[in-house]
Structures are given as C-alpha cells and as structure tokens.
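Following are the structures in question.
Each of the two complexes below includes subunit A, the first together with subunit B, the second together with subunit C.
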Partner chain A sequence: MAESIKRKTKRQDPRLLILLFPGILMMGLFTFYPIIKMFIMSFFDWKIGFNQQSLFVGFQNYRDVFADPIARRSLVNTLYYLILTVPAQIILGLCVALLIVRITRFSVTYRLLYYLPVITSWVVVALLFRYIFSNDGLLNYFLADVIHLTNGSVGWLSSRWPAMTATAFLGIWKGIGWNMVIFLAALQAIPKQYYEAADIDGVNNWQRFRYITLPGIRGTLLFALVMLIIGAFNTYTPIAVMTEGNPAHQTEVVLTWMYTQTFDSLKLGYSAALSFIVTSMNIVIAVFLFRAFKAK
Partner chain B sequence: MNSKNRRKGMIWALLIIMVAGLLSGCASEEPQVAGEPITITFWHNYDAGAGQQEVLNALIEEFQAENPGVVIDPLYLEWSALKNNVVAGATTRMLPDVLRGDIGFVPLFQSLNVLVEMDTSFDDYAKAAETIMDAPNSTAARGEHFYGLAANTNTKILYYNKDLVSTPPANLAEMWDIAEEISNDDVTGFVEAWMGGWNLCQYIWSNGGDVLSPDYSTAEGYINSPIAIDVIQRMADLHEAGAFNGPSIDPGAPGDTDGMGTGKYAMTIDGPWKAKDFATKYPDLNIGTMQMPAGDADSIGVLGGENFMMFESSDDAHKQAAWEFIKFMTAKDAQIEMAKVGQMPVNREALNSQEALDAMPLLPIFAEALETCRTRPVIPQWGDVSGIINTKATEAVLGLKPVKTALDEAAKEIDALLAK
Partner chain C sequence: MKKKRIKKALVIRYLLLTAGMLIMILPMVFMISSSLRPNAMTFAYPPKLIPSLSEITGENYRYVLGNASFFQYMKNTLLVAGTSTLLVAWIASMLAYSISRFQFQGRNLLYRAIIMTMLIPGLAMILPQFELAVRFHLIDNLWGVILFYTAWMIPFSTFLIKGFIDDIPREMDEAIYMDGGSILTVYRMAILPMASPSIAAVSIFNFLFSFEELAWSQTILRSDRLRTIPVALTQFFQAHNRTDWGFVLAMTCLSMIPIVLLYILLQKYFIAGLSSGAVKG
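Right after this comes the complex of A and B.
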C-alpha cells in the first residue's frame, strides 16, 4: 500500500485523506478553532451564560490591557523571569551536556539524575521551593544557623524582586535536565573528525568549543532558545504555588493574571486580548531569533 | 458505478462514519426513560478532612432509601473549581442539578442566567424557607426572588492563644493594642489570612463605616471614608511594628492555622472551621474564643455560609427530584448530622437542638455573633470589588502607597466596576 501511495501524487490518492483526517480534525477542533475563536473574542465584551449577548468593542480590550498597571507589571515580571531563566538554563544545560558527553562510565546514571527534576511534578517541587524560601524555611535556617551570614529573617517571598528571583531558581533547576538532553543529542551528532583535525592543528579547548562545538549545535541552540522563551511566557505553576501573585499582585505573571481575569472576573475578552499580545511578542522574538541565527 | 467511483464512495462513507463516531461523544444526555431512576448530579465542597463527606454519603443513602426513584451522584470540587466549573458550564450547559456553594456564588451565577428562580418554580418554597433562619436565606435573594436555599451559615469570632494573650480584649482598639504589646521577634500579635471584603468589612462596619453605599451604587465616600482610612492606617502601623501579618501580605509568612498552632501568631478572627482545624492539627493549643470585639459602633461580623442552588439546564423531572433533595438536606435531622462535622445549621429547630449544641460547643458564641452580623453586598461584581479592596489595602499596609491614596484608588476602581 505504501508503494501504491508513493506512486500517485497527493491529489490523486484519496486514501491519504483518510489517514490524515483524524489528525487534521483534532488539530482543527482543539488547536485552530480555539485560536480563531479567541482572536474573535478579543474584540468583544464576551459574555458567558444562557441567553447572553456579547458586544463588539473593537480594540477596547487591547487598550484595557495596556492601561492596566497589573497587566503591565505581569509582563515585566514575565520578562524578568525569562531573562533570568533562559540564559541560565541554556548555559548550565550545555555545561552538563559537555561534561556528560565525555563520560563513558555511569553516563546513564548521570543523565537520569539531571533529568529527574524535569519529570518531577511542578506542583510538588514548587511546594518544596516555597518551603525552602519561606521566612522559616531551609534557606534562612542555613544562612542564619549554619553559616551565620544573616539573622534568619530574610523575606525571600515577601516582596516582588526577591520572590520573582526565587521562582526563577525553580525554573532554572527544573529546566537544566531538558536542556542537557537536547544539547547531548546535538553534541553527539557533531562528526568526530572535526575534533580529530583540530587536535592535529593543536587547538585549545576554548577554540574547539568556539569554532567546532558552538557552530555544530547552532540549530539546537535556536530550538532551545525559542522553546524556552515560549516556556517562560507560559510559566504559571511556580507563581501560583509559591506566591499566588501576592502581595497585592506584585508577583503576578501574564498567565496567572490571565487566569485571574478569566475565571475570577469573567473578563474573557480582556484575557483573549492579553493572550494575543503575548502571542505576538512570542512571534516577534522567534522571528528575530530565526533571522539572527540565519544571518550568521 | 465503476470501481473508482465505488472506492470513492466507500472512502466518503468511512469519513462520515469516523466523524459520526467522534461527534457521538459530544451528544447530550439520553432522554429519561419511564421507570428508570433519575440521577441527580450534585456538586459540593463539603470538606473530606473534617468528615463531612462521610456524613454526606450517609445522608445520601438515607435520602435514596426514602426516594427509590432518585440516585444522587455527588462530586467534590474545591471552592474555586466549583465556581470555575459553573462558569465553564454556563457556556456548554454542562451543569449539575444541584450545587452547594458559597453564598457569594448566588449573585454571580444569577448574572449568568443559569440559576433556577426557586421561589416561583416550587409551590412549597415558602414553606421550606420558613424553617430556615431569615438572615442566611436572604443571601439567596436577588431582587424580589430567591435563587437558592441556605445550606449552612457562619460568621467569625476571635480566637486567641491563651499562653500569649492573658486578658482577652474588651474592644477592637484594645485588641490592636494587645497585638502590638505582645509582638516580638518570635510572635506576631494578629494574623489576617486575606485583606478582601470578607476580612476587612467587619472592622469597617464595627467602627460605623461601610465599603459601599446602601444602594451599592458607589464606593466613593465609603471605602475611602475617614473611618475606613483609620482602620487600614492602624493595620499599616501594626504591620510596620511587626504586630500584623498574614500569608497574602507576606507569601513567605506561615499560614494562619499553622502560625496560630505553633505560637507564631497570637490572635485571629475566623469562622467555626478554625476550631476544628486547631483541634485536629494542634490539640494541645491553649486556645480561647470570644465574640469579635466591638468597635466604636458595635461588633458586626460578616455573614458567611453556603447555599443550595439549582440550574436551568436540568429538565423538570430532575428539578423536582433535586428540590426534594435540597429539602431533605435542610431539614432538622440532616442539619444536626452536619452540625456534628462543623456545619452551623440554618434550620431553626436544628440550631436550637441540644444535639447540635453538644456537637458544636462554640454554637452559642456563633449564634450570638449571627444576631449582629451583616451580609456582604449581594451584587455580581462583589468578587471583583473584594479583590480591589484586597489589593489596595495590602498596598497600603505594606507602605507601597499612602493609605488615603490607596483607598481613593480603590473607590475609583470600584465605581468604574459598579458603573458597568
């Protein structure tokens, strides 16, 4: 059958339609339809409930988002989380991958150990980090009672920037393993001959990394960057569990604020507009990165 | 028909079957067949940890035995999940037949047009409502009609650690003074779990102020009145002195129950469930209770509790069976059983019964507090209004903004919300 399909063009063989239909239907129903519907919703004062009339409001929801100080703060907090977590995850993940790629004994054990945080539940580790960073938590105990550096009353989660930094630590810790696996695969794909030739030319370790490894994993680097940036914009659980956006929405990120506006305030049009603003930012960043990497 | 056309025909038939198969999962409930039992879907947030779900299951069995044609299908959802599922179901019409949820849900759900107008739908609603206390049942009213029946009620009292507070306060001003006096590096005098309407209204009301105008049309001159400013300013001063805190003001601080239980907090004002929490988690805690201390005006707590609600998505047979279940759950026997697991009865007979009193030793204090407490504004926007109060009061308490500025902003934002 595969041969038969191969012989005909896609237009000619309707059996292709049957094979693709379930996937196309699912994508249409659960991906494209909601996106289109949400785009439409962003121009309405969207009402839910029986016999409710939604009013067309043009760009009012978009104006409301830009005028909302909490939405602006949540965007800044998200960008702060992104700036802290994305480079740190890539650098640490790459470092671990570079170390592990050379190890022959127990390499699977090391991979497993570094990957464990990735498969651990977000909620569970967020609760653990909350305990570590709380006023009576492990970190304050360590700083005060073990190394006697502070008096033990540092409020890591009490105000905006320390709390955002604490949540970023969680994001970094949890993301290293994923980056390690991605970079490990990329490193293994670089032909060994390049390194052998470099050895003959007498290059040092930095030159090997700069001129062979880095160009060899450029595509993977771009992939990791784009995925991590999207992931940073989608961060929800660390904030929801560690601070709940408190105090006074100081630690809100876009997704927690979107959730609050959708389910607590029932402002569905507003939330749809906010989500499209975030999507647009993601697209702009991704296009910029693709161009930057292509140019090189 | 040649073979090519036949094959095309078969392919289209296959596609149609596949689509039909997929869509069949979205089909609505099958119509009721005569003689088959009616299944009532019941969403609730009865606390499993407090033993309430065990009692509920026993009551359901009893109800089903009395009503052989009805099966109750209960589903536990925590507070926000309960609300969110109704919000989602308001669009898809996938709603339960009965819900037992926060009294604040009534105006919200009614604004979505999903609730059954119960007083006009059932001839015996008035008769059933007569057995219920007026104040809790008033929370089910919107305009001239009732969209629910009170399930249980509560208000708040003062809990204090007797090892830290030797003499209970005579009034609110004294309560704040004691909080300041006893605070040190290890102890915070007073904990407030949140800073929204549920938590702050009681202080403003008890000092003679209010958060909204009596017709709920404006917050200007109410939430930013001199009385409200004084209340929040006192809290800000206490916070600066290390005598006032809470998990929403400081996410790194201990929770109110754990903080009280471990002696980090000395006083809190909360509902009847807190007594159960302390008894279960910290049985050795030397806890004292009393009515919320009076302010300049009186001791005016916030009325809390839950109501039973029904949904327009149910057919007539389900509505009638659901109504019978609600009447069963609000009758004396079921209310006494629920009192044994911490639910304050709304049924007049149950509230005055010796059995309920034996089950809830704090019932007399709460019953006294219920006489002077008030309902929060019964408006669909209350959740958002309460959220604004929380944000602005917290900003003021943390010193991010002067108290007057924060409350002026609150008034402006609330008025914009009320105008919609």
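Right after this comes the complex of A and C.
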C-alpha cells in the first residue's frame, strides 16, 4: 500500500505543471529575467528609446560607481543605518520579549501596543518623524525646554550625521515590535523543564540567559539578523520621505541614490552596476551568517 | 521572603514595560492630537502633546476629504493590496505544496532560486522591471503594480508556507490518494485547509506591504486618479509646501483606518503570524 502511494507521488504527474506554472511564470518573468537583465545592463552604457545603441563598456560602470563620491557616501550611509538599527532593534526587541514572557496580566495589551508601529505604513511614520524632528518640533522642544539638554533647536534634518541618526531612530522604533514578536515566540518554545532544572541547580539569572535562553533562540537570532540586514539594505522610504537625500545628497542611501540616477539622470548602466553591488553585498553577508551559525 | 522578592521583580517588569510602551505610542498620540489642532497651530511653539479642548477641530479632516480624492486613492490601494495578496496566497501555496511534497526535475534549483531572490533588495531590479512594464504597457495601470508586487512577494511567502507544509503529516494525503484523488484534490482538500494558518499569516504581511509600498507605485502610477495612498501622501505633502502639517497628519491618520480596523479584527493572526516561520529559522 505504502509502495503504491510512493510511486504515485514520485511519478512525474503532469498535473504538477498546473501547480508550478503560475509561480514559475511570475517569478521567471518579473524576477529572474530582470536579475539577469540587470547584470547584463551593468556592462553597457544602456539606453532606452528607439534607435539608440547601447554600447558595451566592460567594467566602466563599476569604476564609475566606485569613483563617485555620492555613491560611496550612500554606501557608507547605508552601513551606518544598518549598524545603528540592526543591533538596537534586536536587543530592545529581545528585552521587551524577555519582560513580557513572564507576565500574565495585560500581556496581550502590551504586545498589541508595542506592535502598533510595525503595522503603520512607512510613509506615514516617516512623515510623522519628519514633523517630530523638525526645527520647532516635539523633539527639540523636549531636549531644550523640558530636560534642558540642548540650547535652542538642533537642525536634525539639515546635516548628514544628525539626519542619518534621526532616520535610524525611526528604523529602530518601527522595528522593535517585530523583533519582540518573533523572540517572544522563540522564548515560549524553550521547554520549561530546562529552567526548572536550572532552578534546582541554583544558577543565577545571567547563567540562565547565557546557557538556556540564548542557545534556545539561536535560530530566531539568525533569522532576525538576516531579515534585518536585508531590510537595512532595502531602505528607501524613510530616507525618500524624511530627508529626500538632502541636504545636497548628504543623506542618500544606496537605493535612493540608485533611484535618482535611474529616473532623474537616466544613468542606467551606472545604476545597474550599483544595484548589482548591493545585491552581492546582501548575498555575501547572508551566506556568511548562515555558515557562521551552522558551524557551531 | 522569596515571595516578596518575586513580587518586587514583577512590579519592576510592569514599570519597565509601561515606560517603554509609552515611548512607543507617544509618536502616534502626537500624530492624532496634531491632526486635530488647527493647521496654523501645528508649528506653534511650544508643541502640544494634548490639544486643549477649545482647540480641537475637524478642519484638517474636512480639508483633506474636500481637496484630495482621498476615497479614490483608498479604493486604488485596497484594490492593489487585496488583489496581489490573493494572487500570492494562491500561487505561493501551490508552489510551496509542490516543493514540499514532490520530487521533480529542477526542484532543488527552483527552491534555491526562491531563497536567493529573498536576499535581493526588491528595488534593486527596478530598472529592468521598469523596461518590462513599458513593454507590456503596464505604465499608469494598476495591474503594473499588482503583478510586480505579486512577483516580489512570492519567494518569501513560498518559503514560509513550505516550512509549514513540511510539518503537516501525510496521512490525509494518503487517504485521499486511496480514494482515487489526484494531487490537485490533495491540494484543495488537505493542504489548503491545514496550511491556512500560515497562509493567513503570510497574507497579512503581504497586505501590509502592498498597502504601503512607495517606490514602485510612484514609478508606475502617473495619473492622479490611479494613485495609491503612499504616493498620494508624498505628493500631498510636497504640494503643501512641506509645512501644512495639520492637513498632512489628518491624511496620514485617515490612511491608517483600514489597517487599524484589520489589526483589531485579526489581532490573533497579526501576532501569531510570523512566529511559525521564525522559530524554525
């Protein structure tokens, strides 16, 4: 009996094509093909429009990207955003999860409210933070007139590092809830017996965390790291709405700069090269993380 | 003695959680309260977290509903988000089922390609995708947004749903095969109902994504009557000299109503949502 089923599922059932076709068509046409196309374009001085010849230029686009101070700055800004947002989101999200996991009353209320920024649209929160971080905004009022930390207003969005830091605040604030939820699920999946055994052995809180909790959430930690790093490279909306790359392209991140170069300057080969560089960085980091976590 | 210490620890927990929560919701409270103050007052110094009763006005909301085709934008956005979410739920669940249950030629290659695409920033392909959209006459067409969103969301959705289907025991499949059912019957009668929690969770994320996506829709949708909410919001902001915060914040508040309603109705799915895929890693 089992044999016949096995044969049936292993056989190349033509109906499998019905299941696979829509997905392969959609991804093939709208994802796989564009990836390959993008790679090819990055070696051409690419033109759109009739009667325009695209010239093969070898690695010239890549040289242009690396020689372009704004492209380099946008890469550095992206990494700055990544380094600020990824660890902070994970640590704060994990802290909230550790606090929530041991309470019973109002646990759902806390979760719902901490999660609220996650479901709110990026455009909405980016506009809101632009308002809060503006010169006469809530934050400056708080810093200057409530806790007297600064004198007068700080131009948060009018120079590079303060503006990048402001967008990073937005990223962290919006991401805490997501991290809380996935770490909460991971914490709840750790068998209670481990902690009970630890209590009998009389271990302290740090040891409990280090030897039971941390190994228990390793898989989730890897998942969160990979997702957040991809997310950081993917940053477009917070910058496009909060700073628009201003002042004078000081706060461009890779994707905003690529977008500008594509649709405003029509430097198509150049932006294909830039895209390919980001994509490769993403893949290298992800593969490295998977290896590092698997090795242990 | 020990009991007392536990109680104290619990109080500290609640205090920390409450403090953190206040910081988290403070911007939202500020958004709502500012949207209720007269537009001229939104840059008055010092800013107010809670407007005084005499200040509260619906003027900003009246202005937005009277001067922007808000309901048209909302209709477009819901149409785009709803259609692409349904398409992904259907396509990704079939893919996930095939990859999880069957050995076919190219299966591993397909799965690896799906994982790889997850690692590529969606926007990175915007240029060749734009060329495709031009060629298929999808510029200034809601389908141009729907089809590309669908393609972007398929890999991650397939990945999560496949993880879930892997854990569904095969007894039901076998029973259906014994009754002479085909692999399509198994998909319809066993996999779809049993994988529905993961499909629901993924769909919520897909809906949120397509509800808020900005870059692609601002590229594709050119005419005002086709704009989605994110595009309309940024246009509205720029058209109001980037300073009429009362109007802008009223529009952002209005734009969040469908999402908040969904959130209240489906809170269990929102929160339980990504956990399934995340714990497995």
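Simple rule for what comes next: the second predicted complex is superposed on the first by the 286 of 296 C-alpha atoms of A that agree within 3 Å, B and C clash if a C-alpha of one lies under 4 Å from a C-alpha of the other, contacts with A are read in each partner's own complex, and residues count from 1 in each chain.
The rule we apply is simple: a contact is a pair of C-beta atoms (placed from the backbone, for glycine too) under 8 Å apart; a residue touches a chain by one contact, two chains touch by 3 or more.
Keep in mind the model is a prediction, meaning the values are calculated, not measured.
In the superposition on chain A, A:48 makes contact with both subunit B and subunit C.
When both complexes are overlaid on chain A, the residue A:223 reaches subunit C alone and has no touch with subunit B. When the shared chain is aligned, no partner comes close enough to touch A:91: not subunit B, not subunit C. In the superposition on chain A, A:33 makes contact with subunit C only, while subunit B stays out of contact range. Set against each other, subunit B and subunit C differ in how many residues of subunit A they touch, and the higher count belongs to C.
In the superposition on chain A, A:22 makes contact with both subunit B and subunit C.
In the superposition on chain A, A:138 makes contact with subunit C only, while subunit B stays out of contact range.
Once chain A of one complex is fitted onto chain A of the other, the partner contacts of A:263 extend to both subunit B and subunit C.
Once chain A of one complex is fitted onto chain A of the other, the partner contacts of A:173 are limited to subunit C, with no touch recorded for subunit B.
In the superposition on chain A, the residues of subunit A touched by subunit B in one structure and by subunit C in the other are 15, 18, 22, 48, 136-137, 263.
Interface residues of subunit B, counted against subunit A in their complex, comprise 7-8, 11, 14-15, 18-19, 22, 80, 83-84, 87, 90-91, 93, 111-114, 185, 247-254, 264, 312, 383-384, 387, 390-392, 394-395, 398, 400. Those residues of subunit A lying in contact with subunit C across their complex are 1, 5, 8-10, 12-13, 15-16, 18-20, 22-24, 26-27, 29-35, 37-38, 41, 48, 96, 99-100, 102-103, 106, 108, 110-117, 119-125, 127-129, 131-132, 136-138, 141, 145, 173, 176-178, 181-182, 184-186, 189, 218-220, 222-224, 226, 230, 233-234, 236-237, 240-241, 255, 258-259, 262-263, 268, 271-272, 275-276, 278-279, 282-283, 286. Here subunit C touches subunit A in the complex through residues 10, 13-14, 16-17, 20-21, 24-25, 27-28, 30-31, 34, 42-43, 45-47, 49, 90-92, 94-95, 97-98, 101-105, 110, 113-114, 116-132, 134, 147-148, 150-152, 154-155, 158, 173-174, 177-178, 182-184, 187, 208, 211-212, 214-215, 219, 229-230, 233-234, 237, 245, 248-249, 252, 255-256, 259-260, 263, 267, 270-271, 273-275, 277-281, going by the rule given at the top.
Across the complex, subunit A meets subunit B through its residues 14-15, 17-18, 21-22, 25, 48-52, 70, 133-137, 153, 155-158, 163, 242-244, 246-249, 251, 263-266.
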